[in-house]
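Here you go, one structure.
Lettered A, B, C and D in written order, each chain numbered from 1.
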Amino acid sequence: MDVKNKRLSDGEFEALRKEVLAQWPTGKDVDLEEAVALHKSMPDHRIFSKKLLEAKRSKSTLIQPRAGVPVIEEHIKLMQFLESEGEADLLPTTIDSYTRQNRYEEAENGVSESVRLGRAMLNGFPAVNHGVAGCRRVTESVDVPIQVRHGTPDARLLTEITLAGGFTSYEGGGVSYNLPYCKNVPLERTIIDWQYTDRLTGLYEEMGVSINREPYGPLTGTLVPPCISHAVAIIEALLAAEQGVKNITVGYGQCGNMLQDIAAIRTLQELTDEYLSKNGYNDVIVTTVLHQWMGGFPADEAKAFGVISTGSLTAALAQATKVIVKSPHEAVGIPTMEANAQGLRCTKQVINMMCDQSFNDHHLESEKNIIRRETRSIVDKCFELGDGDIALGVCRGVEAGVLDVPFAPCRFNKGLMLPCRDNEGAVRILNTGNLPFSQELKDFHAEKISERAKHEKRDASFQMVIDDVYAIGKGYLVGRPK
Amino acid sequence: MSKKKLVIGVIGADVHAVGNKILYHAFTEAGFETINLGVMVSQEEFIDAAIESDADAILISSLYGQGELDCRGMREKCDEAGLKDIILFVGGNIVIGKQSFEDVEKRFIDMGFDRVFPPGTSPETAIEALNAMFSAGEGE
Amino acid sequence: MDVKNKRLSDGEFEALRKEVLAQWPTGKDVDLEEAVALHKSMPDHRIFSKKLLEAKRSKSTLIQPRAGVPVIEEHIKLMQFLESEGEADLLPTTIDSYTRQNRYEEAENGVSESVRLGRAMLNGFPAVNHGVAGCRRVTESVDVPIQVRHGTPDARLLTEITLAGGFTSYEGGGVSYNLPYCKNVPLERTIIDWQYTDRLTGLYEEMGVSINREPYGPLTGTLVPPCISHAVAIIEALLAAEQGVKNITVGYGQCGNMLQDIAAIRTLQELTDEYLSKNGYNDVIVTTVLHQWMGGFPADEAKAFGVISTGSLTAALAQATKVIVKSPHEAVGIPTMEANAQGLRCTKQVINMMCDQSFNDHHLESEKNIIRRETRSIVDKCFELGDGDIALGVCRGVEAGVLDVPFAPCRFNKGLMLPCRDNEGAVRILNTGNLPFSQELKDFHAEKISERAKHEKRDASFQMVIDDVYAIGKGYLVGRPK
Amino acid sequence: MSKKKLVIGVIGADVHAVGNKILYHAFTEAGFETINLGVMVSQEEFIDAAIESDADAILISSLYGQGELDCRGMREKCDEAGLKDIILFVGGNIVIGKQSFEDVEKRFIDMGFDRVFPPGTSPETAIEALNAMFSAGEGE
């Protein structure tokens, strides 16, 4: 496979498009011109890119849940409930896991089983099966913008159908929807497939419709150090921009140490802007999203509210443009619409109480500097490995373990890097594996972790990592020995 | 007594890898010979691996909610493949949403699973259950 | 009335004691020697002063609910539930409002009506009516220390009975249990009556039993600026120390701006230590308590969890020795034991996630400086008004409005000072009334509030104060016009 | 039409002063002549003030939970004192704990109150209710 960060030509795109739309019968209902007209007829308050821009200008933090059920009528009810009772500023439509793997037959079965048993048998909304008209029923049912959220390696048909279906934002990317979401798909493959999604978004843009794109920030959600997710976000922003995308939200999953998390959101904005403009993409609007803690949650609902609140507070102080919200059911299962709305309202309260406050920690600048240096070392090394081409570079980077995601299921991910928390709970790196860090950076991490090890009177080891994986679920930030 | 052999993995289109990696680590440390198929494992792959390794038990994880669809027919397929009475465990977040665990357990027991584990089961609990199961087997 | 900050002589105390113990039949069961023996036989983990000291040393923040029901058996069940399901480190026994007004007949009726109707008809535990033996059944039923929490102007008999009943900590003070809790009682009266409580505590101390005393921090709980509650806390600490109290917890009610709240807790510790040692009380151990937001709460439980979390986070970052926890039922009524435990568990989660983190804001020192200067100006002015005697001085200070509590029901409180929030939500002073502030301090407040007024494009006025009273209940920190 | 007269206050041993102060402010602004007895007001004090001022309505606040005990017999005492048919409102957190408001309302209506208000009632709602009550009275 020949991967290159170069805009798909109209010819290449059109050729692919025929194939893509033929992948499932609903593909034939997609009509780009007509879809563009639909988008142009939408009021501003239903358009993601506009609402984000407004939030960025007013430095407010919007709230958005995750949510999706298999049956259209139920899904509409869910959306409306989260809008009215959840006070959601932005809505999602989470896609089920069969659709994510392009297993549309199984998704079809899941829908009919859900109807038959009267309870959801899929973990999301199978948008491809429901087709353009089904999607439009959803997007027209509420007065806030809706985004497609998923985890799909080959999302081309899903993009076609959902954008034509009136969704105004689309999550994912060739790296972020590969490493945490696949087992056997080569990175080249997903990058090429996501160029299609980005190019389609670019076409909408050229026709006057700005669709928001959001590289998926949290990756495996489990002790991912900021530099890793930042590198992925920046690279996917570059890949998207090349295809003509102009409105991008870069994301980060809360790690739990407030200082580190705020430094992360701030540098994420800054570094993405920097790399985009350094590479000649000067008219891309970048916003940020913080995901409330993405790892294992406490099963107790009261404790879950506590975790939700820390993420909300951090998002507000960091001035993330939006925050993705968890529910008190997180540890157990897909939330009822009531539980989902509770997570939202809790978040809204905390954000509204923190949004006027400012955060000026003495150590913020030095923490930001660490993240800047780490991230640049990874991204620049990828450029170097790709001989200046970042699409090629990121493939080689992942292969070399220069970019390495902890706990990723993908067999092409190196998995040498091991993260764990330092004594204040910031996520540091216990084993840098092949990360292209300077000695100074390596020493910094070693130092931070040995501080904790000393405090805990034990050696740093894989046990510490395991303890940290469980810690928040068990009620702590740092997984200390008992 | 030779080491007991386990086949573990995450069924269906499920990519939740963290618990799987930790279970592998814990089972191995606890002295089981553990064949880890990782994530996105089909029923057939579980069965093939169990036959090939002459396993004592298959431990299926499902986290993402679609476990009920993915696990249907597993016991029957094991029987057909000659894996008569192989121990079948299932655990994780095996259904969609917060349901009463008694109901869920019953549903999976009826599907032929020997034991069913609720969300957040610790590796220690899993190991105890395995040991209990194997020593009950010895007694027979 | 002749009030003086001077230790009661044994003769004076004994004379009063006869009267006090005769106020209600249960008084006759109090036997000081025997009570001291009981306290001495208690294991450390049931002793408040010891547990606080340990927490102070390890810089951890303990959690404590409010809770009390009229019937003993139910109250024991409640305590045990909050210990096991609420993970409470410290327990309370909240006293009902008739007992607080020494209306023991009505309390008696409240207990029997509660039994008859099968639901609580009193808002707390009538400890005087239940007597020494009843109290002991409670304090012996759990493995954590229990404190008496109330709001009683004349608490002398209650103190006798509950300390003999095995409670190891006692809340209140002559100022803090007057201004927010009475209408017609002169301050001299409550100060004299609380000298009795403090002297009794001093006697226990001299007999080798260190009872913790806690001046009540939050006062009216409604936009009380730190300097006001700090002044009260310091003055009550001085009054208690004079009577021989050696273990004191000073308190503060969360205002909602993190920086101000953390500055408040830190200066509260520091200033109390400073005034105690300046006045020759060198062996008093001082700890701190932050009360989660004490004003109007949102009725929605999810939002209430959000408010609870912000207070928990602040307590942990401020390293308050303990935090008093609200429940998701706060806006509506006395919580069920389940709701109370939920508030506790939410708090525990947040504290455990924040306790290893540090807070080093650039502006912390300047915020602390403001509080220091304000507080000193009030306390020093009270000393001056009392010709060096702080008991006399605080009475004259309140009379003069030098110490002035917003929204206080007591008619001896001046009520000229009007607080409202600045543009970042810190509680500032809109009308300084007769507070003895320097011009510089007055300008600081005026400046801060005019910044907000400008931002909101309206004049600062009583409407702004009202808006702030409702704001948190309505989901915001700052009561902006809609 | 002359100004309507209200007597307001917080009953029993209750010291919650914030809502009372704000209600006084709001009622006065809304054009009512308002006699504010403040906190810790007994039934007798309410009645005396109403007689003395020839009030049109008594608005009782109770926040601290013991309102049910404190309010018992209020209507009867009004009747005895000759305040026949005086409008009686009660509001705040008038019972202990989170109870179903329908039950609570019924209990207080049975005790003779004309209207009962749940926790967190805004001054605007209170004013509307007063105006409705007075204009209904006019109509009779």
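Keep this in mind: contacts are C-beta pairs under 8 Å (C-beta built on N, C-alpha and C of every residue); 3 or more make two chains touch, one makes a residue touch a chain.
Note that the structure is predicted; figures quoted are calculated from it, not measured.
J.: Can you work out the whole-Å distance between the CA centroids of chain A and chain C?
T.: 45
J.: What whole-Å value do you get for the distance between chain A and chain B if each is reduced to the mean of its CA atoms?
T.: Computed value for the inter-centroid distance: 30 Å.
J.: In whole angstrom, what separates the CA-based centres of chain B and chain D?
T.: Roughly 65 Å, centre to centre.
J.: Would you kindly tell me how far, in whole Å, the mean C-alpha position of chain C lies from that of chain B?
T.: Roughly 54 Å separates the two chain centres.
J.: Could you list the positions in chain C whose residues touch two or more of the other chains?
T.: none
J.: So which stretches of chain D touch two or more other chains?
T.: none
J.: Chain contact topology under the given definition, line, ring, star, complete or other?
T.: Topology of the interface graph: linear, an open chain of contacts.
J.: Hey, which chains are touching each other here?
T.: Touching chain pairs, listed by label, are A-B, A-C, C-D.
J.: Across the complex, what residues on chain A touch chain B?
T.: 96-98, 100-101, 103, 106, 109-110, 113, 119-123, 151, 180-184, 220, 222, 295-296, 299, 329, 331-336, 339, 407-409, 411, 462, 466, 469, 473
J.: Taking the complex as given, what residues does chain B use to touch chain A?
T.: Those in contact with chain A are residues 12-18, 21-22, 25, 38-40, 64-66, 68-69, 93, 95-99, 119-120.
J.: What residues of chain C sit close enough to touch chain A in their complex?
T.: The touching residues are 256-259, 298, 300-310, 312-313, 341-350, 352-354, 356-363, 423-425, 472, 475-478.
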